[in-house]
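Below, chain A partners chain B and then partners chain C, in two separate complexes.
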Partner chain A sequence: MRKEIRITGTGGQGIILAGIIVAEASGLFEGKNVVQTQAYGPEARGGASRSEVIISDEPIYFPHATNPDVLIMMSFEGYYKFHSHIHKNTVKIGDSFFLGLVQDLEKDIILLPFTETARKVLGKALFSNIIMLGAMSKITNIIGIEALKKAVSDRVPERYINENMKAVDLGIELAEKWKSEHSS
Partner chain B sequence: MKKLFSGNEACAEAALLAGVRFFAGYPITPSTEIAEYMASNMPKRGGKFIQMEDELASIISIIGASAAGVKSMTATSGPGFSLMQEGIGYAAMTETPTLIVNVMRGGPSTGLPTKGTQQDVMQTKWGSHGDRPSITLSAENVKEAFSLTVRSIDIAERLRLPVILLLDEFIAHMREVIDIPERVTVYSRQKPDEDPQEYVHYDDKRNYNAPYAWFGLGYKIHLTGLTHRKDGFPTNKEEEIRWKMKRLRKKIDDNLSFLEDIEIIHPERDNIIITFGSGSRPSKELVEGDEQSKFGLIRLRTIWPFPYNTLETLLKGKKLVVVVEMNEGQIEGEVKKITSDKTSILGIHRVDGELISPDEIREAL
Partner chain C sequence: MRKEIRITGTGGQGIILAGIIVAEASGLFEGKNVVQTQAYGPEARGGASRSEVIISDEPIYFPHATNPDVLIMMSFEGYYKFHSHIHKNTVKIGDSFFLGLVQDLEKDIILLPFTETARKVLGKALFSNIIMLGAMSKITNIIGIEALKKAVSDRVPERYINENMKAVDLGIELAEKWKSEHSS
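After this line comes the complex of A and B, so read on.
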């Protein structure tokens, strides 16, 4: 089993940190082989940011995602640049705050209000990446919630652990709500 | 303890565990995280980190620290590595163990700071003038960024030579899980047991794997980049010059089997891919786990000294040898020296800062 996850967004949204957390959740706490890479340099400053994680039971040789199984789009730029590099079973998840414009165009993108929820419930948009990770884990089952929570609490500053745990739970709730609305 | 580390972090942590207690450098992308890790962790382990004014000063100061008995290293990338060449020759001539990590980016000149290639292979051998004994290792993943850092330090200390570890932007910035041991074992130089009055710094019996003194112990040591006698003072006498050059060459020639380090996968197959560093990542997709594959693989962990004899034996009678490297054919040239006309050589190159993909190799074949 080889799973490729591509997380895209804008510099400052914690895209690379989100990739690192996924890699640690899977690699340190679930015993998988992982490789995490990111777009590095000028292209990642202010503009489109990208982080990739490959997860596998087998050794991972080629370290880049060629055909992601999961594509996360946290900004319109991320959508614009990467939405066509997918395969037919790619799970596409987007932040509705930035991708609202394409709602009617792209029916198969799972649009969830990561940024809006972060602002409303936790008071800061910067929790949107952690909320997204909670939702992604619930929807794709590529990483377990336990492992995700361990990885998040290891990576974030101690005084923000509670808020980040809350962020994971908010993401799970968003995913559950989406699932119940779409199970027929 | 298991950690998700980037190649740069793994390299820095390995050096600290191997006992490096002096790092001098001038941060440069894509090697900066090594200096960063050293800046925050070296003081905690009782060592010194200095950000120097440039790379000329960086290499010379690590030579100084090593001559005073402290395991020392620097890390840089292409432009900085060019500036260090004179110092690398000086480390070789004075037989001062040092580790120079070159995290390759795109060249020539300032080139591509944030993108990886493997264009400095020949520079690690011939970048510094003169017939210098060159030792270069190359890592393919984060685990090896760790283990080959330890081995580079071990080799440098044993052979009293500078050792160059080649990483590239891909390996330096990718994160993988590695198991960090509590301690690592490396050769550490021993003090000589002679009377300081009788000590000769370049005595024949202390060329490699032997005790030698460092500054501050009370032994007489004279270091110069000029060709020198056993006592370290300059000479112009042919016989003494021949002695010094032979002494340097012997460090490599006598230790070839210790230095040689290649990974060999399915050498019995008709065709062979030769690669090193991150070039092995796409290459292995074609070789590993595919029982039908017509390709075996040879990967150089030690690039210099080049394993001419071993490769000549392994490549005898092969139909096709494919050399995968992110430069314009630097290792391909070495492979051509040892293959006959009956073997076709195909170089697969890429120098635009992106990793060669498995599909590119498949198409080229």
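After this line comes the complex of A and C, so read on.
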């Protein structure tokens, strides 16, 4: 088992924190080998942000995500920069608030209202990354919900733990709703 | 120019945050190509934590630190696990509070009181990682102080920015004191 997850978005969306939480859920609480990476460069300033997580039962010798099993696109930048390099079996999940406005959006992207739900239900767009993690876990089963919640609790400020647990649950609900609408 | 920095310690010491701050200082504010990585595995639970940063003028194709130019050891675990794999030209910097108690400690480690200074001057051990970054920047010149301060400001909670700026300055002072005592 080797799974590669690439989370993309824009600076300020909590992309790196999301990658660290996935890595700790899997590496610390589910006993996997995990490498979590982010790349910065002149291109990254004010623009696309990217975080990669590789999860494996075996030691990981090549820590780059070459063919992600999961591609998360939280913003336009993430979509335009990364969607075309992806093979057909990748599970693609995007934020409907940003990607919903893209003309001729590719059909196989699971669009979910992470940012919209964060704003409307929790009052702050900054919970969108945690809502996304709940939904991704439910859709892909790469990490378990219990491990996710432990990892979120360890990484967010203590006084925001309750809101972040709620954010995970909201993500799970979005995924369940999507699944029920797309099962045949 | 390619520089590899490995920061080691124990869970809770802010090792990953320190790696991210170094990466953002260099990648976002000094225009370098940077890859920042952390590995998790069954061994990491409750034990050694490690964060690696590779900084280069060129694109980075192999993102593992094989021969770190700088090794930071914030705890016993970091010392015992990593010090013996290091080549002779590596700049080794350790926290005197933890490493000072090691019997037969290798002689070429720069021991500085990060944890002790954090506790005594700022009242909280959790600033030790930021003090370390100030000292590392001053000793190695791999990242500039201005870029470091920008990156710290972007990554710490707003109400703790002043204390964190003070932490950077305390680290610079420790490094300057060490340099003046070791110049001939």
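To be clear about the criterion, the second predicted complex is superposed on the first by the 175 of 184 C-alpha atoms of A that agree within 3 Å, B and C clash if a C-alpha of one lies under 4 Å from a C-alpha of the other, contacts with A are read in each partner's own complex, and residues count from 1 in each chain.
Rule of thumb we're sticking to: a residue touches a chain if its C-beta (ideal position, glycine included) is under 8 Å from a C-beta of that chain, and two chains touch if they have at least 3 such contacts.
Only a predicted model underlies this, so the values are computations on that prediction, with no experimental measurement involved.
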Partner chain(s) touched by A:Leu126 [first = chain B, second = chain C, both, neither]: neither
Which superposed partner A:Val34 touches (first chain B, second chain C, both, neither): both
Contacts of A:Pro157 with chain B and chain C, given as first, second, both or neither: second
Touched partner set for A:Glu58, first chain B, second chain C, both or neither: first
First (chain B), second (chain C), both or neither touched by A:Ile20: both
Footprint overlap on chain A, where chain B in one structure and chain C in the other make contact: 20, 23-24, 27-28, 33-38, 40-42, 63-64
Footprint of chain A on chain C - complex, ascending: 16, 20, 23-24, 26-28, 31-42, 44-45, 60, 63-64, 157
Chain A residues within the chain B interface of the complex: 20, 23-24, 27-28, 33-38, 40-42, 58-59, 61-64, 66
Interfacial residue positions of chain B with respect to chain A in the complex: 2-4, 29-30, 113-115, 169-170, 173-177, 280-285, 288-289, 355, 357-359
